[in-house]
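Okay, handing you the structure first.
Note that the chains take the letters A, B, C and D in the order they are written out, and that residue 1 is the start of every chain.
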Amino acid sequence: MGWDRNQMAARAAQELQDGWYVNLGIGIPTLVVNYIPEGVNVTLQSENGMLGMGPFPYEGEEDPDLINAGKQTITELPQTAYFDSAQSFAMIRGGKIAMAILGAMEVSESGDLANWMIPGKLVKGMGGAMDLVAGVGRVVVVMDHTNKAGESKVLKACTLPLTGRSVVNRIITNMGVLDVVEGGLKLVELADGVTEAELRAATEATLVN
Amino acid sequence: MGFTKVYNSAGEALDGLLFDGMTIAAGGFGLCGIPELLIDALVASKVKNLTIASNNCGVDGFGLGKLLDTKQIKKMISSYVGENAEFMRQYLSGELELEFNPQGTLAERMRAGGAGIPGFYTATGVGTVIADGKETKIFNGREYVLETGLVMDLSIVKAWKADPSGNLVFRKTARNFNPPAATCGKVCVVEVEEIVPLGSLDPDHIHLPGIYVHRIIQGEHEKRIEQRTTRKREA
Amino acid sequence: MGFTKVYNSAGEALDGLLFDGMTIAAGGFGLCGIPELLIDALVASKVKNLTIASNNCGVDGFGLGKLLDTKQIKKMISSYVGENAEFMRQYLSGELELEFNPQGTLAERMRAGGAGIPGFYTATGVGTVIADGKETKIFNGREYVLETGLVMDLSIVKAWKADPSGNLVFRKTARNFNPPAATCGKVCVVEVEEIVPLGSLDPDHIHLPGIYVHRIIQGEHEKRIEQRTTRKREA
Amino acid sequence: MGWDRNQMAARAAQELQDGWYVNLGIGIPTLVVNYIPEGVNVTLQSENGMLGMGPFPYEGEEDPDLINAGKQTITELPQTAYFDSAQSFAMIRGGKIAMAILGAMEVSESGDLANWMIPGKLVKGMGGAMDLVAGVGRVVVVMDHTNKAGESKVLKACTLPLTGRSVVNRIITNMGVLDVVEGGLKLVELADGVTEAELRAATEATLVN
């Protein structure tokens, strides 16, 4: 029922527009690159200091000096430019990046995002996520609609420490697509085989029309 | 010409600069572009109670992780713990202080400290624990938080090439935090893969001018890869 | 690939971007590295009541000085009037507003505006008229003044080379204010001496990544020298 | 009586130390470069974006893309590095430059400096001078002791708009060398043929022992 990881990534890829500069987070967002529509030319920013991120290298061609923000070995493209971390976040904070597609632990109906720690249990760190959600033009979250216990991750209010307040524009889950609007979340699209009733049942957040 | 910036070893290059309780800015992102040789020299020096500003703290047993193993670090200023088990363990057990900084805020704090800017406003972290206890201010209807410039006792940095005047060139994404870290130390020590003759770097291609660099060493680097990801060649 | 940044002329590149009363950041220092072709296109456009942030305002009759002659400038944000007689005359007669910014403060205001930093503290100008009416704050016992980031409607910039993705390379001291000016405009238009094929610039040698650049033109530049100083060859 | 422009520059050159990065202002400070002592290796910063400023070019080799802060054509050296204006003033403001040698219209006994405008008459602009005096490690002023009317330029308090407050460390004039100390100025050295009485008579500022 609903979309798998690759279908979620494919749906997220539909958000991209020709000529855009985009930052993709770790996890499912990384897969978005496999589904960029024909004729849409986007440039990927990697916040460790690169614009124009290319695919993984062929075996044996890994370069320890060329990694992405997930510390994976990658390659460069003809339009690639390198820069330092201060410059990287200058462009992020300065609003030069059109969109960030990020994973999440929780999202709230007012667009709050939590994705960097579970107090006392898991300390991951925010990395560049707080800068991204504060700085980029549009924030799209891609995540499972519920956790392993079946509890909604689309909440009235986040319970975990926030990455940003009122920063998310659109949420893409395995069950569908939701927009953050005045008063709550608005259903944009249902995933294949998911009914509105099922999505509503799995959503703690307020859904508005 | 009595004056030289070139030293023979990491130990020599740090001689006279270390003291317990000092603050250090370190370049690198994950294990990419980290000052491996200077970290080893810090381990050997046994200097302790260090406060280190670095995006990560290496991995278990490599990079700055070595200084976790020896308990030489009192406090980290970092954005990411990630998969570093010993880092998380020392933090959760209270053995290690950890000041979380958003990655861009950390980079900008280093740049600001080096640029004589004691404070700047950013929207990053507003409405989160990062802004707790910090001044905020409204500009054009939006709330921003005041972050401070970082000035550290020492910078340790890894570059690709240096000339004897300290002009530095970095390679690909190994540049990362190294230039801003270099600028925010009262003294900056740099390790490079190659010291090239004066005049052999194009003055338009220098990433960090030598004015920021006080001491340089050349050495061999392991350059360990953290996540080796590849694709198959098409047949 | 409908999307392109490359335009055929300065006039085309500015099409749809100009309006009376707009704000513009211009690169260049004196007559070095100034966007000559875009300035000419601004003259031809007859757009008026401009506020221009630029270190200088060209010289009499050249560079931004052309826009003084046509009275298209309402206000300059600059650090130096120097020997520009018409600039001084219009300012002293009250025809032109002039907001003096220390040179480093101007450069940093441009960088800050482009970097999402709405305000920063600097010791520059403390105790002078520059700090009049501005907030001050003590950090570590020293007084600093709050300066704001500049965000302008348009940036006009001169670079040496660009690739079609907008990656820029500058030449020698013609770099100057061009990169910070480029970052602080909502739209950035760049003129270059040469547009080179994608992939022909080394990604480690790019001074300003294409993300900051929206439109590019290639053209011929006069590159006038303001102070021709030379030495004699020894016999 | 006293030092001429070149002798003032030569005296100022004695302030330089091996390995220093130095910024020289327009006017007499520019001449300092001709008198740098043997064995003292200094790197000149030009605030328009260059470290390692070389001499004027040979005739016919002028490059419009290579000028100093006085807009004069210059040359590069083997250690030269170029950078943008934001980076240039980052290093100035950040205290990376050991010394600036600057001209002045007026200096006060508390180290105030005025050198950028005469209200209603001459509007030069501060250029980079305000950043330099606020940021560099040590500020040395080189100027004539008196103006054309014979009035002292070394004052109890400046009458012109300030470039910086309490920023000057040492004053080198045609009559001698003075240090800014607690309570006023301290005579360090008399120029050739100048008596202490002559210098005192030409100095409005308080002289302390």
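Worth a mention:
The rule is simple: a contact is a pair of C-beta atoms (placed from the backbone, for glycine too) under 8 Å apart; a residue touches a chain by one contact, two chains touch by 3 or more.
Just so it is clear, the model here is predicted, and its values are computed rather than measured.
Chains that touch both subunit A and subunit C are the following: B.
Taking the CA centroid of subunit D as reference, the farthest chain centroid is that of A. With each centre defined as the average position of its C-alpha atoms, the distance from subunit A to subunit D rounds to 54 Å.
Our note on geometry: subunit B versus subunit C, Cα centroid distance of 32 Å, whole angstroms. Chain centres here are Cα averages; for subunit C and subunit D they lie 27 Å apart.
The set of subunit A residues touching two or more other chains comprises 76, 82-83, 89-90, 92-93, 134-135. Residues of subunit B found to touch two or more other chains are 108, 111, 115-117, 122-123, 170-172, 203-204, 207.
In terms of inter-chain touching, the protein chains here follow a pattern that is not a line, ring, star or complete graph.
Contacting chain pairs in the structure are A-B, A-C, B-C, B-D, C-D. The touching residues of subunit A, counted against subunit C in their complex, run 18-19, 21, 39, 41, 43, 45, 51-52, 76, 78-83, 87, 89-97, 134-135.
Subunit C contributes residues 108, 112, 115-123, 137, 139-140, 142, 144, 148, 169-172, 203-205, 207 to its touches with subunit B in the complex. Considering their complex, residues 29-33, 55, 78-82, 88, 91-92, 98, 100, 102-108, 110-111, 122-130, 160, 170-180, 207, 223-233 of subunit C touch subunit D.
Taken in their complex, subunit D has these residues touching subunit C: 46-50, 55-68, 70-74, 76, 82-86, 88-90, 92-93, 112, 120, 123-131, 134-135, 161-166.
Subunit C contributes residues 1-3, 111, 113-117, 163, 165, 167, 183, 198-199, 203-204, 206, 209-212 to its touches with subunit A in the complex.
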